[in-house]
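First chain A sits with chain B, and in the next complex the same chain sits with chain C.
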Partner chain A sequence: MRMLVFLYLLTGMRVKMRKMNIGMFKVGKIAIIVLVFGVLFLVVGGVNGQDGEEDPELKYEWEYRNVNLKTNIEVRELSGSKGRFFFEEDSVLKITHKGKLGERTYSGLEDIDGEDSYLVFDKDGKMIEGEFKTSKQGEFILGNEIVLIPAGSEVRFKDGEAVIKVSNKIIDFDKVKPRVVDGKKGETAFIFTTGANSIKHEGLNFKELGYYDGKYFFPFLGNYDEINFKEFGFHMYNKDKVRVYFDFKGEVDNSYQGAYVSFNKDKGVFVTGSNVNENGPAIQFTPSNVYGLNFDQGDSDNLMIQALGNDEGNWVRLQKSPDEVIRNSQQKIVPKIDGLNQFAMHNNGHAGFFNTNTEKFYLRPNKGVIKGFENIPDKTTSVAVTVNEVKMMKGGEETKPMGNYKVGWSNFNEANFGLNSKFIQLGTYRGVPGLYRGVSDLEAYNYELTEEAFERIAGIRLVSTNANGKDFIRGSESKKNIKYLFDLIANMPPEQVDMVRTINLGHGKWAYGYATTNGMQIYLTVHRPGSSAAGSGFELSPRLFAHEMAHIVDYNGGSGGFNRDWYRSGLNGEVTTSGYSHKGGESISEFVGFFQYGYPGTINKYMNGNRAKSFRRAVVIATKHHFFTRNRMEQIFRASNLPYDDKSISAYLNKQNVGNIQYS
Partner chain B sequence: MVSKKSQVTVFIILGIVLVGGLLVFFLARDSGRIDVVSPEVEPVYNFVLKCLDKVSNDAVYEVMNTGGYYELPELVTDNHVAYYYYEEKSYVPSKEDIEMELESYMNDLLPLCIKNFEELPDYEVNSGEVDSEVKIEDDRVEFEVGYRLSIKKGENSYGFESFGYVVQIRLGLIIMAVREMIDLQLETPDDICLNCLTDIMNKYDLEMDLYEYKDDAIIFYVLDKENEINEDVGVFVFANRYES
Partner chain C sequence: MWGIFNIVDKMNKKNIVMMVMVLLFVNVVSASLFYELELFYENGEVEVKSKEVIFSHDDLTKYNVINDYYFERHSVGVVDKNGKEGRVEYGVLNKAYGDGIKVGVDLESNEEELFEEGGLEEFDVFTFNLYLPYSEGDERLVFYDVDGNEIGRDGLEGFVGKVDVDSELDEGIEKVLGKDVGKRLSKYWVLVLILIVLIVVLVWLIVRERKK
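Our next item is the complex of A and B:
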């Protein structure tokens, strides 16, 4: 008993001295004197002891539990439900609860250098606050979770957040992972931090790792706000230092109470969201990404996405597109982006974002939208990607404010809004009103402008070199010319493209389409360099191309029974345009070549002239038989101030009256 | 007593005259005016009309390609396209401003085409100043050109006061569409609303294309694909500058 009183006095004195800030020399002297007396007491006590106990204890009885204070523990505050304990080096604290937590001993407790280390427990024996260092590995109950804390760790635990700074040795997070002690959900955010990337989790090494109620997060504790995930091909910036949860599922997750990233290498999916009204992290993808983004070699391509936060749910997802079979060959498709509620993206020097207030998608041509990246570099080409679907929450319901519209982004700093991601129209080639440039989600259209790629996508063999070795695709301009060829076929009905097997380019007096044992072929005269016929700079005339392709369709009988329909049009044998005096089959090709790429004013004259009903009918017949796309047919009627709804189209075909247009 | 048959004949004749008159009236109205030109000075008249055709089309074509200007304003790109949106302010000219530009074009360039009637040496022609008036309608541009001509051919004298010409282009609609675009632009100074542009183009049945240009400029092309002008589709061009 005397010894216990002494120990109590000793520890009390120490704390008092600390509070009084007495100099170390004086403290040392007093401590030595006290220590000598203490040893004497111990010796006497030990000799006189009746039962010879090795670890005599101070014992406090609370309403709910016993607290057994062992070595070097001092109780600073005691109340009905809380206890605050201070301790010296290598202290041991043993708490015995009357409840289900049972007996728990914390040993190897140490001061964190220069700080008042302490522990606070609640009535259940759960630690609710504390600062301490561990000299031995041991399990601690922080909040309602039990966690294994490695030796040499500094623990700072307050307000539901426990920061555990472990030594640099590698730890396996699965072994230290907190687990709940009472079946309730986890309430403490655990942050493990090291001086190096020495926390192992899911095969990765982390410098910091957070854990809250079964979920992992990036704590961003230090003076940095970036994480580089080389293996997953992205760089994360967290300028606002929000808590960013993460997982490897690659899925939208509305259960995260904060921002999150979810990525999956195998599925090629990256999701970032923010389920609170705060910006999520900015994600910058790198050339090593696994989501299908194609970065031009040597370019400093820059593609970023950011969820802008919404407590109704908010995410933006980038995912690798599955290959598509086009004309019997597997084609790569550029990645797709979709999102719920407001999000932002940067692509080269441009930004795009969806605003839930206006329900519109915006382009910001010269500035960044993402915080901290307002001055985005504009030194390279964009990365091809399709914003495939944008959804938003409206009155608790999920809506699609952009309908089925998509935003196509090419590899050439072009973007536009359209319905068909295979070819979202941009403007037309100068001087060729019906020939549109476009943005396509075909990887090859963006990154592989080669003859081989054209052959694969068109399903047409391209013979571009003559017997003398002359290359009509023209070497250094081949990419531009191949893109032009891509555009030519994109403006034609796919059924028409499917009918031809070979395109031969050359210089000659004639161009022609013909059938051989190898299938349909066309021979196209490429004009002499400098005499551009296309508005693109390529010397291949689009009208000539359409003309020769029309021969092939004619030969194939269109969609079946073309001749019969054509004879009914009333244009049989009639050459539509001047300057070309063929008859018979040429009239069809002349008609198609002109109506595909002719000037609207002239088309208008035909469509509203003396032979109006024949021309209108011929346009519909030509569309039915795959000479024109439906889109082109609508343009022709629109240019002629004529309706083009299904009812009107049917009426043109049957020479019935359309609206105020009276046929005789 | 006049027979019933005669009465019917009179009515038929009257009917034909009436219908014919109306037909002449409507046809003449469609072409904008009723002109009765003496065959003797028809070559002069046709020559002026030919120039009017060329200069009217050139005027509309050129003015549309610069953003509505014949004399360029201060704020233009270095390829001579007027800025409509610059430092977050709108510089869209009014329809009346563009009409005045077209008038100036006509006033300045019609005489250059006429060249004092050098091509018609058989006629002594004295001409006054060109004083044109232009009206931009939704679907056309009307030129009313005051151009007093005194023509002497032998002993006979003739005179013309004015000429008219219509260019079929939906310039009025384009101007409305562009104004809507810029009004929207003012609401979001740094941003281009892609949906909105599509909506506006659909509303007016126009097409649009845009290109990045130097000095933070974006050049917009609004296309009237229903009409052609100078063997090209009608294209209205303007530029916006977005701060970087």
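Our next item is the complex of A and C:
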């Protein structure tokens, strides 16, 4: 046989040389080299060749449907159509397949812990069970897959699962991995285990590695239920020790029949799912994560996700967000989470979970929902992240039970539902009913509370005009103050923010506040540190801020035609909230200052009082011209027990009667 | 026609990508240049205190507020080499609101009357900024008052303004060139020079290829 191969090779070489037009001298040299190697090939082959092995007397022969089996094994059990063959020291079992697989000889199988090795074949001659230890490396056909088993391995194969305990020597799994014999689906789950992390796959070392039908999994056979993936920035907890498939694609995969994780460093995507009705593993992300999560140093930030299993498909995905251009500058956005069917997550003080039965997403403060992690740490910070979309399968159709609502988590242990991920409203500042704190998916709002970040995001320059102003934006409380400034502008319409170019903080020659057309700047008095200017508890009065900002909008004529709607219509004379309102353009600024942050009771008094129709119209006009956000307008009407549908708004504009309603 | 494809094949792909980026980038730069004029206003007279060419992603002309309720509407004509004039209207921004705090007011209260003195101020003498779209062929500016009478002129011939490049453009240049090529004025001209060099190299390569 080897001689034939050698002759074939030699002929091939000559043909190639002729084609290559190599000179006779070179041909001669090459021919000699080939000849020498050929001889060596034949000699070595002759010494080590399996063909020439001694062939013991195989006196027993068995004819199965697909194979012919010859052996010298005397001890065998026959049960129905199955045959169990027990191996002794010199036992040999030669299988001749009737298809392309040819002949295969199993020999040198050793006993395991004093028990004889054995193999079981079904009526077709397919190995369906076996326990054996190999003395030399060789290929075995287990079920319908060929697997290369290293020398000294213990194999336990039964019920479609083959556990192969290999030595601690490094093995490259991609070289030994099973391959199907008939081009059909793999039937056997192979689990390779070692005493050390000596199984190599995709550049990683494993202590246990599973393989089933082309897919890899963590078998969790050993005495452990968690794995730390330092390089990929997560920790896997698997209390139920379910089989967890994995890949490095970072993609949702409905083909896994069980739990899985799929992660990709380059894409910054992590997916965990469970396509059966059992929980997947709990995943805890670590500071070294590659998915864009920002952990505070030295804090116990804790973000976990878990797919809770659904045979209609179930996954939860965390991924880096692309930068967004806001006011012409690139802004980093915190990572996003989305999911299909039920999943759970922990983020410091708030657990969240989506329940497919109720079709609702729940936010639960201070108590965990992931099994084994009920006591979630309630620290001062959390990890900023947004649950962007939640889907579910209902009658075979994909639905979005939360609609466009999102759940935002800040870096400050706050979470809430909202439509605008740039600013999801939380509660209001103490004593300032209309000034909302918020959660934002802007990275800077969570982690970069600096003067520069504010300027970049707001598009407004900050200038400190005295020591108070300087302390406000650069002093020890600057982070708190910058967040306050972020919230102040987030509560205003973006068009209004765009009209202002500079905010001067401090105390200039003007007594309190100033709004000049020269560079569209406002000047705001900042009180000495620690001296609160208003109910907000900050040294900067929010009402003053709204008042001066309103002057700038007034200069700009609102959205166009504000003079007609306000001054020429006489509304400025009718809508007065203070004595100061009577001073020309102070009417709109005073009105906005009162209504932006006023108490609901006071607002109600104006909206349902003597000049109710003028005030209602004023609210709509002010919203149209960017003094109030639409959201603030709705809050004002709600506080006044008034409807705010399109028909009602049209009626307010025309100063028509609109009856009160009762909100639940 | 086919020669150029041969050249493209031969040229380093990296260089081509870089060249395309620079071409696109210079295009962006040209589209976002503005004259920033600092105007000194005194009792109806207008004088240009300073003028610069600045770059901005933002449309700066939005800051030329026109609001007849508050501001007199003036206009400026931008005249090019051929004598063609394009007029831009603007408001004379000479107003400010000052709001003085009431003595003894409780700052903790959000609803008490906060202000007592103040109101609108109007200035006879002041400066303000005016933004005009930049165009290379511009020759002079002609200022008109509210009635359309000419009240001043200022030349733009050989205008070499200070190019105020914002930080994002700085980053863009660093990304394209791989190094900081200087600040403000130098950055813009270095881009133009690079563009010229690249065009010369491209033409040379095409000519050489055709000769072959």
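Observations on the structure shown:
Please note the rule applied: the second predicted complex is superposed on the first by the 525 of 664 C-alpha atoms of A that agree within 3 Å, B and C clash if a C-alpha of one lies under 4 Å from a C-alpha of the other, contacts with A are read in each partner's own complex, and residues count from 1 in each chain.
Here is the rule we use: contacts are C-beta pairs under 8 Å (C-beta built on N, C-alpha and C of every residue); 3 or more make two chains touch, one makes a residue touch a chain.
Computed from a predicted model, the values in this text were never measured in an experiment.
Looking at the shared chain after the overlay, A:Y362 reaches chain B, while chain C stays out of its contact range. In the overlay built on the shared chain, the residue A:G431 is in contact with chain B and with chain C. Residue contacts after overlaying the shared chain place A:R617 against neither chain B nor chain C. After overlaying the two complexes on the shared chain, residue contacts for A:S589 are found with chain C alone; chain B is out of touch. When the two structures are aligned on the shared chain, A:N413 is found in touch with chain B, with no touch to chain C.
By the touch criterion stated above, A:T602 is placed in contact with chain B and with chain C alike. Touch criterion met: A:N375 reaches chain B, while chain C stays clear of it.
For chain A, the partner with contacts to more residues, out of chain B and chain C, is C.
Taken together, the two structures place residues 431, 599, 602 of chain A in contact with chain B in one case and with chain C in the other.
Residues 168, 188, 190-198, 205, 207-209, 212, 216, 218, 221, 223, 225-228, 231-233, 242-244 of chain B are the ones touching chain A in the complex. The touching residues of chain A, when paired with chain C in their complex, are 327-330, 431-432, 459, 501, 510-520, 525, 527, 532-535, 541-544, 547-548, 551, 554-557, 563, 567, 578-580, 583-586, 589-590, 593-594, 597-599, 602. Interface residues of chain C, counted against chain A in their complex, comprise 56-58, 63, 65-71, 93-101, 107-111, 113-120, 126-129, 168.
Residues of chain A that touch chain B in their complex: 353, 358-367, 375, 378, 402, 405, 407, 413, 415-417, 426-428, 430-431, 433, 599-602, 604, 635, 638-641.
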